[in-house]
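As written, the chain order gives the labels A, B, C, D and E, with residue 1 at the start of each chain.
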């Protein structure tokens, strides 16, 4: 019985064939697709196909009040939503000339780093799973979930925090919060050796990931690569350092780099960043109790809030790279134009297309996950 | 760092006519430039002033002026500052030059702007649809496209009528203000 | 804690170290849903006792997820600012951002820690939920994301109004309140959440949300336009309105209500009189109906009706017994509260539309009702309450025992009278405050010191006058005593008034709620004063109607009986204003509109 | 042995194999869960899965050859079970022997290749080509091992091999006598079971489970059944060759479960190799160990 | 597994009992099959929207869906449940329908998040479809934006309960009312819309033809039917 009018796909008479890679494919991060042309398992050409997650955020934001958009922005990058909120809030603060109270700035830094840790744990897991090793994914996501618990306690939401609003943050820390966060950091640190043994020094993985998706420094700069992926080519460039926002200028942290420029190097950079984030979080935990004061500066009634005309370009280092918001206001109650520059819009399209060429079919997923490309950021 | 910035900007100003520049903060500079001078400006910024990173290209629609504003955000890792070069092109026909040969990331942004605003960039490697492959309406980011009106015409909503509402209606109550009544 | 070298060659056996996990437990949570954290954003709960149905949540909702549903049986009181509506949430839209909670003016809405809801396709109606305190499945869950000081998006403090210091203002009748600056007005206007409670509670249903929004947008013409939709006495109402709107204001539930009156004043003051006249004339028909209407009394009610009727193309003549228009607003309200030029501006708008006012023409004396009946198609009497009531206590027939209305009129008209060096005012309403403070000013000018005592029946918890009035009066040196009932005026041997004796009040109303004050005879006080002013209420002088007409008309306890539209039992006669509704400008305005509509529809037939 | 008895054994042996195989599948999933710090599936999960798959209403077939291929895959193992002696039952072990078994063990992969080829799904084709390469890779050490064992015991009869080992006690086990071959066989076992790092032909993130990509319903169920047979076969074969077979069920069962537990555990700790790495690795260390072991055995 | 029985699954009014076979043996057999179906659900690994971010936690150690016999599967052919996690852009909806039609029945669809019900956050968006059940039948909805893993698990358990009691048969509606679903799809995707799966033939085969199966929209489908080609690709030589 053949209920389906199934038809074999006729391939052209050559060694080359085309394969749809995604959107419904475990080797794809999120909902995204590739069309690849292969010869054997060597990729001759790859073509990204996005838009599966397109919601028209930029259009939607033009139709909503300034404050209403705070609920919209975190959805642009699902695994790492905090930088989105902060970046949007920073843009409005710049336009309105709002002074964010210091306490709020520290709390924002805390969230940003927590989000980075969570996103990196997620990224490792995904990368490991593309190479057939599921245990790090199970561990990583379970440990990430503990961070989400802390987020839930702080912000009331596990994934979408909607916690940063222009002018500050929405709530103060719950009682004893920093102690629990500190305990979580201890736990995460104690887990690192396990991850190292299982994953980062796993020679089979190293063999798999080394020399996969390699790019040189020059290429990385030319292609507009940012974030951990750029640092994996040996360039210590980080928005937190180069274009400091919030209180990053007063924090002590390294910008880890690796020289390899391949999937392994990117992975190791993320691991080091995780350590650095924990280091930053410890500084925040030390300093935050000393900083009293409001957590938000007064903002107008959100229903009647006209942001002064002007434009602002704010940049934030997300876990994926340089995240920027360009916000134009004409002095109305709604943004005139919001442009989201997600780091993945480079990584998931041009960089991935180029790195895929010449690589092997089995490495496409690895390249994508090692770039930590986030499709909703591309599609918006 | 700022000093260097000033130095090159001075040099730059001498070389291009008709640009207007405004420092917004130590790390943000806004330059307004005529559309035919923009590629030269970017070439200078990249070649002479180390602005190697194209952070983004933004298109802003100004239908009242009949213009698209294109904003090129370029970042210098050396001077650690961002230059936003604004230029305006006529909305009709909405054609401009690609800067792909200067900045490769431009390919994505130009393709995106082409999809969303309908601005064609000559010389861009790829102007095919990427996100809106299944979309045959007007470029949606243009101001004249009203997404909400489109949605209301294209889609139907879930018709709720729960029991409690029926009971209330029997008693003389019921829905008074629907959310769509108070949209602003 | 250190990094891992890119070149590191860990042992191939490293991963095997993790075999230890075979002996360790799992981190899996039990299948039961865990309790969510203390400020989790789960399904909504709404405290119906607190909720006033203001629909602010609906406005801030970015997803158009909130529908307002009318629930019969819940209290509904526009004056208190309570609607019998409650928000219903569409969980097919909601994103649990909690903005509705943060902006809720009453703090009734909260998100609970309940987060599990599943249903089948045919049960999707369960996604449309009317939150109550019990959670969406009727099981109690603790509150999660709730209103907190940090989270409040409503600005609870109003913009301070600049006022003259008490020492400065007591010296003259100059207006006390300075009015908002542009900046202040915009900030104050931005506090409004556009709930419309003010609109509902206002007797004339002014479009306050609309004009406040227009003020916020900086579009003052539009604000004036919105104001003139319902109120031609906007300068007056911007200053002396009883502002039931502010009582009803939902922001006032937890904080200061939006300063609606001051915003109206700001809008009116900011637009030039010429422009106001242009705006007011918008919508005036460009033809004449040929119908003629006479209005007796150029007070708010009469002029409002005249304004409406003249815009509809009728020819309107107003008969005013005194030499200026405005009625009690001019002759009853002191200038420091309502400068006369502003009143003139309001009247000028109305006259500019073609309303003719015959001043110094007293109906009954200069012209009779019969004449009016013959000459006009309709007659409206809006006489107002120009006669002060008397307490009828012993000695109240003394010449220095005066009625406040009378005295206020004299002050306005500049009539000379002997300014007493000390005075006692009986009454606790705004009129009592007006006369007390006016006298205080006069005393200050004449003697350099203030000696005015106000005795009121009510205690301070149930005081009739506005708290600000009381506060300002006190600042100006007026002594105010509560719970004192007048016993009698003290007149010495020479027939000179020496003061007032009062008794402590036990209760004001009897158990049936009728006015029947009972006094504590043991608690007697003497208040010295060379003048006693009775400010306990006013009544209408209906003598002008003439006996014949008075007989034709139906009366109700001394008041003219009218139907809902202000139509009396005589077909050509309507009545409006204070004489029908009691003393209040904005009620009079509302009444004027109502009667005008009635007259218009009758004339059209 | 009468033909009735033989028939009974031939029925019982695959049946037992199936049941034990299911338990092994469960064990694998539980081991995975344990290492991944979670609870894992309930006890009867493998049965639920298979019943569910067979009860699917839509049974998409890609033609007769496709169905035949799946039947070959399952049949190959069922036939193999008859050649694997278990305590109390020798089945056809003395008639078939090791060489036949090797042949039977190749049949499933070939059957899969046949079936998957019909699906015309490129992922399936890639997967099956990888599977065949992998088979080629692990079969070399496997054949060396089999040859060495057969040479050592001078027989290809599995029942005899087991009996010889049992006669000498633990020290007589193949593992003790031929440690290098046992080691090489462990690698081959890992490859045969298709566990990481030799999981290249399933590779969900690369080719979407390769051969299985178009399988659904009873075909998928067939593969699940095949999987349980496969684990059983691998476990029993290794036990017989190197762990002295089964004197009785009490010793036999722990042995076979222990044997399959090793690759299952390792699989949770390693990613997969690329195909060429797999071949290189398989043809390097196990083959060297095997050859060395063979040399020792030959001496 | 004890706790499964212990926990009260969210109480809902019992829908009408599904028809049962009269033969007692057959009934026992049906019960067994349904029980196994409920205890073994393969979930399609397809992250259609942002709600998918809560699926990894639900699958992995912390909330371990495998306890319930649920595991992710890679291809639609092997999957029993399709989780539509949140908003579906029109582009994704096409893939969802293709995927759904390729899944072998009985198959179940779970609509997660607000967006699948009434458009959710993106109700103004020109790019997303609003009401999922207009395009494919949905078995269970899980509320939340996004629902926590616990809520997802509760929803899955509600589905398990439905399957066990034989009520989880929304998939039949797709055959029985194919014209309705196809009509909505055509409205969104245009008249030329067709999928590789011959749903009408399948409906014949399963004996699920009703008078709602065929209609004007299926007529349109037949008119416009063209033989399927190899999937069109947009690859072209790139000059570097």
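The rule is simple: a residue touches a chain if its C-beta (ideal position, glycine included) is under 8 Å from a C-beta of that chain, and two chains touch if they have at least 3 such contacts.
All figures in this text were calculated on a predicted structure; none of them were measured in a lab.
The minimum number of touch steps linking chain A to chain C comes to 1. Under the touch definition stated at the top, chain D and chain E share these contacting partners: A, C. The most centrally placed chain, judged by C-alpha centroids, is A. Comparing the chain pairs A-E and A-D, the larger number of C-beta pairs in contact belongs to A-E. In this assembly, the C-alpha centroid of chain C lies 87 Å from the C-alpha centroid of chain D. Chain B and chain E have CA centres that are 37 Å apart.
Separating the CA-averaged centres of chain C and chain E is a span of 57 Å. One inter-chain figure worth recording: chain B and chain D are separated by 59 Å, centre to centre, where each centre is the mean of the chain's CA atoms. Along chain B, residues 132-134, 140, 145, 147-148, 158, 184 each make contact with two or more other chains. For chain C, residues that reach two or more other chains under the stated contact definition are 15, 18, 26-28, 36, 59, 62-65, 90, 92-93, 95-96, 124, 127. Contact of a single residue of chain E with at least two other chains is seen at positions 45, 60-62, 64, 67, 74-75, 91, 117-119, 121, 123-127, 145, 148, 202, 234, 238.
Across the assembly, chains come into contact as A-B, A-C, A-D, A-E, B-C, B-E, C-D, C-E, D-E. Per the touch definition, chain C reaches chain A in the complex via residues 1, 3-4, 6, 8-12, 14-15, 17-18, 27, 36-41, 56, 59-60, 62-63, 95-99, 102-103, 111, 144-145, 148, 150-151, 153-155, 187, 189-194, 213, 216.
Listing the residues of chain A that touch chain C in their complex gives 64-65, 67-72, 135, 142, 149, 152-153, 155-157, 160, 162, 170-172, 174, 189, 192, 194, 196-204, 206, 256, 258-260, 264-265, 268, 271-272, 275, 278, 295-296, 298-306.
Contact residues on chain E toward chain C in their complex (touch as defined above): 3-4, 7, 10-12, 15, 61-64, 67, 114-121, 123, 133, 137-145, 147-148, 150-151, 153-155, 157-158, 162, 170.
Put simply, chain C touches chain D in their complex at residues 15-16, 18-19, 21-22, 24-28. The part of chain A that touches chain B in the complex is made up of residues 48-51, 54, 56, 58-60, 63, 221-224, 226, 235, 237, 242-243, 311, 313, 315, 322, 324, 326, 328, 333, 336-337, 339, 341, 345-346, 349-350, 378-379.
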